[in-house]
């Protein structure tokens, strides 16, 4: 598969690994946060940790839109699915995520709610067309990558004058989340946590471009490399960041230039800007309230906004008190520092955001990397 | 969740969509979010939509960089 | 007046007819369905006796019994259908004990309204699979459930077989140092079935690998009676099946990603759907765990059988108190290959 | 950090939990369901090996195999439930060959949303029935189908057994002059189940007769190895079953209405619903056809067994080119007792 | 069971049989028609033919409301069941009756129509209450016995202001059918068929009383005995009719006095009279067009009349040309005289009205009595 | 189709209905079509409705007639 296989070449991986080892200063430690779950997943699934020297430490960021959605929004989606006449549809990733009382959309479905998995917003539109007597609600989640497809669907619902289609919008913005992490007391003031550099989002950046990161690099004096999700992309990004750190630079570099430009996808951006507006504040699971970090539909599209059509509950039951996600996402702790990890918190029964999808820090470590803890402890 | 893949556009279809191929698997995707796509292009596909067109020259340059780096790395450290 | 001699004055209208509740009621309509469709297709001495049980001779010894329900959707897929699958899957579960399959039973649960033409197609395919495998369906049962209380057709087959003396294959027999072999490419069946789901929206030319493995197994067992474990990586795929065995045997496993055979199209479909081929179902492949020294001979035997041409050694068992299945990735790193969490995609078998 | 040793950190929530699609996906959730519910309940050596097939020793000889799907609604009824029924029904079909049942397989097809508490209740009852009968469930399978594609739970069991040497019981062995016996009252099961259908709107204290008949059969076969036919009059009732046998054996039959044992409450319910008790299902009764001279002995044996107390000779076979089953009515007239036409009432077994 | 067991006493049956044999004049033949399917069923199921002397011949009448419904009305019911949103409910007897093209309600159900079996009109009302978004149509069939329960349901629908309940009315009247038979040329003019006497309906008479038969007895000079459906009732009725014939009387006698009075059930009668009116003509399968033989809802109840709510098709494809039902119902032929009997016409695949339910002449003979033909032919 | 049976009224219930018993089987039926029914009466039940009340004296008389007839019949003809 062109543009995939070349970026999964084991020998090249080894040689980049050697280069990193050669360039990393044995006297210092490199703390690199990959914001995206896609990167977390690549690191874990390909065992890239084993290729990095011990003083290059990867910190798994909050970049999985499934993980960061607060329990209250899942409860709200379940509430919507249970409204009479409603078909709630969403991407497969959301089905197993537990809301409060360990209920999930999958379990709500088992109890009788009409919940459907879709692979595309086009499927959601088709569902509305073929069920004219039902209300089809699309439970929309995702970063900047996934927002434009939602926008296309709403445009199409408008064109088709669909009266039985609406969107429960949970689209969130990555730059605000990165800011939040960099603004946290541990990182900014106390200096207890070092975050030396960032691997920037791959597919988010195909839409928003590399320009938005220039502000961070400058303002927070941290280097950023935008990188693809293939293992060689990640390795190369690490190498580029090590080099920037070594050289004291804090620039935005683009390893993923084959798909990302400085300005991104103008067509998609303007479609989204037309249709959505910023929420004043939105809660991220693990990060807390993050200002201007999410989108909602503008007034002219109110007809397709599930939150305007229904009085969706706004409660948000918190995570288990023992859950350390917040600290993990800010790089303060590791999954094994949480006493729930692997005991009562597993991918089958996640207790916090990081265990929810395979892209979360705890889930990735549990699913792919937990043998390392045991090797160490033996 | 931001799962997206490069796929070869094999055929433009009506209603702003195209047939793409990935390792022998074909799929219909929407072109609503991109412009000027033609057969032979590789597009990044996400939830049934093409998000961007792969720039083959940039891809080649990136691969070249990988190789250079490999060559620069001291074999001794392997 | 014509004497009413034929039990069923009109034959079943296979072309246009549908199964209705009378076909499961225990009366003449059911008798007709059984006679004209099932007995006609499966046609063997035991079944033809028309008793509530099939009878046949068995040698004494160690016998195995297995069962599986087949609820696959869609019913017809590239490379097979629910009928042939229901034969292959159960013959394989018998064969995975190293046993020679003797006979099958078949229970049908049919939804009211199911087209008789589809039923005929399925039963014909099932009968062919059974004849090709040389394992007769000696007894059966038909139930009809109301519309909306089923999904077309479910088939549950059970199978029995006799284990040759000296063979003691079981999931708890893997030992550190044993080699792990697979008989071919992983994930073909699951991808072939998924390609038929309109909602998944992709096309591929991959065929299901659905096949009866007992003749290959017979050759393997004859050559190496000391094979430790055989198992077919169906639901949950290679990954879950290896975890199952690792747990039963109390060993760890280490496999190598580069050695696991996967067809490019299967890889492509998995990329597209965000799936891992290690978790995709197979219906004509087996995992064999054996002493390292037996591995080359078993690989030779598999490769010389039409169903084992792509057989490969993918790793080995090792000591591990935690029974982890691990994999060295193509990148050179290690990872756990865990049980499937949740379901991969429903109704693949 | 606690080491992750237990495979399933939290036990199944039997009280409030429901079956969802992950329980059939082949992953850890399914493994947990199988472990904590099925293996815990059925608990026997073959099953505990946790292979895809159960293994056990058999003597050689004539073996029988049978299967039945259980799709009964409601799942719980006076005198039993789908779980015990799935054991009794299949043990009986083995026993009806005069065979000693050896083992059972159980395939579950469960609808998403099914309460785990009901599942546990069913499996527990099934395990008890299997233990009481001394016939272990040596292998099983679980599939989960989406909500609306099933009806709570369907169970398909298969069973095997060994026929004692010299016994050749089969539906084609009835001869003119042979006596027709039944082991007890007709229609109890069907009426007990129907009484639970709210839509039928009646109440009765009748219990299902659901029971495993193999010990009674063993005594019968030991005394009279030459028994011609045994069959349990399930779906379609006594009438359809006798027609089946008459057709297989090529004989006519004449029974006497006054000799057919039927409980008054069963008669009452049948009157109310316009049904004929001869067509109502039984799940713990058998029909025995034997040489006239063996009849008294067999009746004695049946009557001295708790499941055969009401055994009766109801008629005899005779020459009849048309294989009619006829009955002398209480009024003194004759009538044909035909196959069930259509279905009596759906989903009785 | 009181009032049942006493009327099924085998010894008494034998003694009544002896009485009939003693009283029947060996020199003449007695042709007695039992109008009701209930009597036909009792005769066949209990083998009463074997108890009667050869010169007392029972002729099975058209008295089964399932059998006499023309194919066109079944087609219409299937048509109704297939209308969007409709739940069609009816008594179990109707489900297997084939309309044209061998389609039945059961088969239409298998194809997806929502067809439900009910045991009472009260169930139909409950169905309408619990499915407020569906249209529940009750496919009403039956004689005078079964009409009052339909009337009660409509009254209840009116009281509950049910807007989603209606009745597809096919209630028919027994006296008109008897007249039709007696007016047929074979009976009246040609004299080719003798019909010496009638056993009158049992349960129909509980409603209409015995008085309506007085007109026949007088006008057509035929004795009538109203009899219960138990075997002794039938035997006794035969005996009473033989005696009337012997004595040249043509009176209405009431063997079923324990349940039937001269005037019947006034409460039920007035309810029906209030709500229903006579159709000018209605087709009976086997008998053809019979004037004033069926009911329809009066104008004030139009809201609950399915035939006014839907434009129900009125076509009526005829029976198979070879079917001899008409002749059988008038006593001209016997089932075995039909060349379709038992070959292509069986209860599983009825070709004509008499094979439809166990109460039809052909079905009763096939199901219970066909051994007699073979005994004779051997 | 006109299937109807005599059942013993065991209890009057609200909404003009009653519990009846037939051979140990009980059922609730509507009394909407009859008047003055009381426990102990036998009613003829059809599709869930009581159609009429059995007159025990008439029933006894009918049975008496059967018996008389039997006695009158010459045994020789049996």
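In this document, chain identifiers A, B, C, D, E and F correspond to the written order of the chains, with residue numbering beginning at 1 in each.
Please note the rule applied: contacts are C-beta pairs under 8 Å (C-beta built on N, C-alpha and C of every residue); 3 or more make two chains touch, one makes a residue touch a chain.
None of the values given here were measured: they were computed from a predicted structure.
Among the remaining chains, those touching subunit C as well as subunit F are D, E. With A-B and A-C as the two chain pairs, more C-beta contacts join A-B.
Subunit A maps onto subunit E through a rotation of 180 degrees [Cα fit, steps of 5, range 0 to 180]. Chain geometry summary: the mean Cα position of subunit B and that of subunit C are 37 Å apart. Here the spacing of subunit D and subunit E, counted between their Cα centres, is 38 Å. In this assembly, the C-alpha centroid of subunit B lies 76 Å from the C-alpha centroid of subunit E.
Measuring from the averaged C-alpha position of subunit A to that of subunit D gives a distance of 55 Å. Under the contact definition stated at the top, the residues of subunit E that touch 2 or more other chains are 1, 4, 14, 96, 106, 119-120, 123, 348, 366, 370, 374. Looking at subunit C, residues 3-4, 21-22, 28-29, 201, 264, 267-268, 271, 322, 341-342 sit in touch with two or more other chains.
Among the residues of subunit B, those in touch with two or more other chains are 3, 5, 22-23, 48. Pairwise chain contacts in this structure: A-B, A-C, A-D, B-C, C-D, C-E, D-E, D-F, E-F.
Residues of subunit D that touch subunit A in their complex: 1-4, 8-10, 18-22, 28-29, 112-113, 147. Considering their complex, residues 1-6, 8, 22-23, 30, 32-35, 42, 44, 46-49, 51-52, 54-56, 58-59, 61-63, 65-67, 69-75, 77-78 of subunit B touch subunit A.
Of all residues in subunit A, those touching subunit B in their complex are 1-4, 6-7, 9, 11-12, 14-16, 18-19, 21-22, 36-38, 64-66, 91, 93, 119-123, 141-143, 145-146, 148-149, 152, 201-204, 206-207, 229, 232, 236, 239, 255-260, 265, 267-268, 271, 357, 359. Remark: subunit D residues 195, 201-205, 264-265, 267-269, 271-272, 274 touch subunit F in the complex.
Taken together, the subunit C residues at the contact with subunit D in this complex read 3-5, 7, 21-22, 24-31, 49-71, 93-94, 96-97, 99, 103, 105-109, 138-146, 148-151, 154, 156, 158, 160-161, 163, 170-172, 231-232, 234-237, 240, 244, 247-248, 281, 322, 339-344, 346-347.
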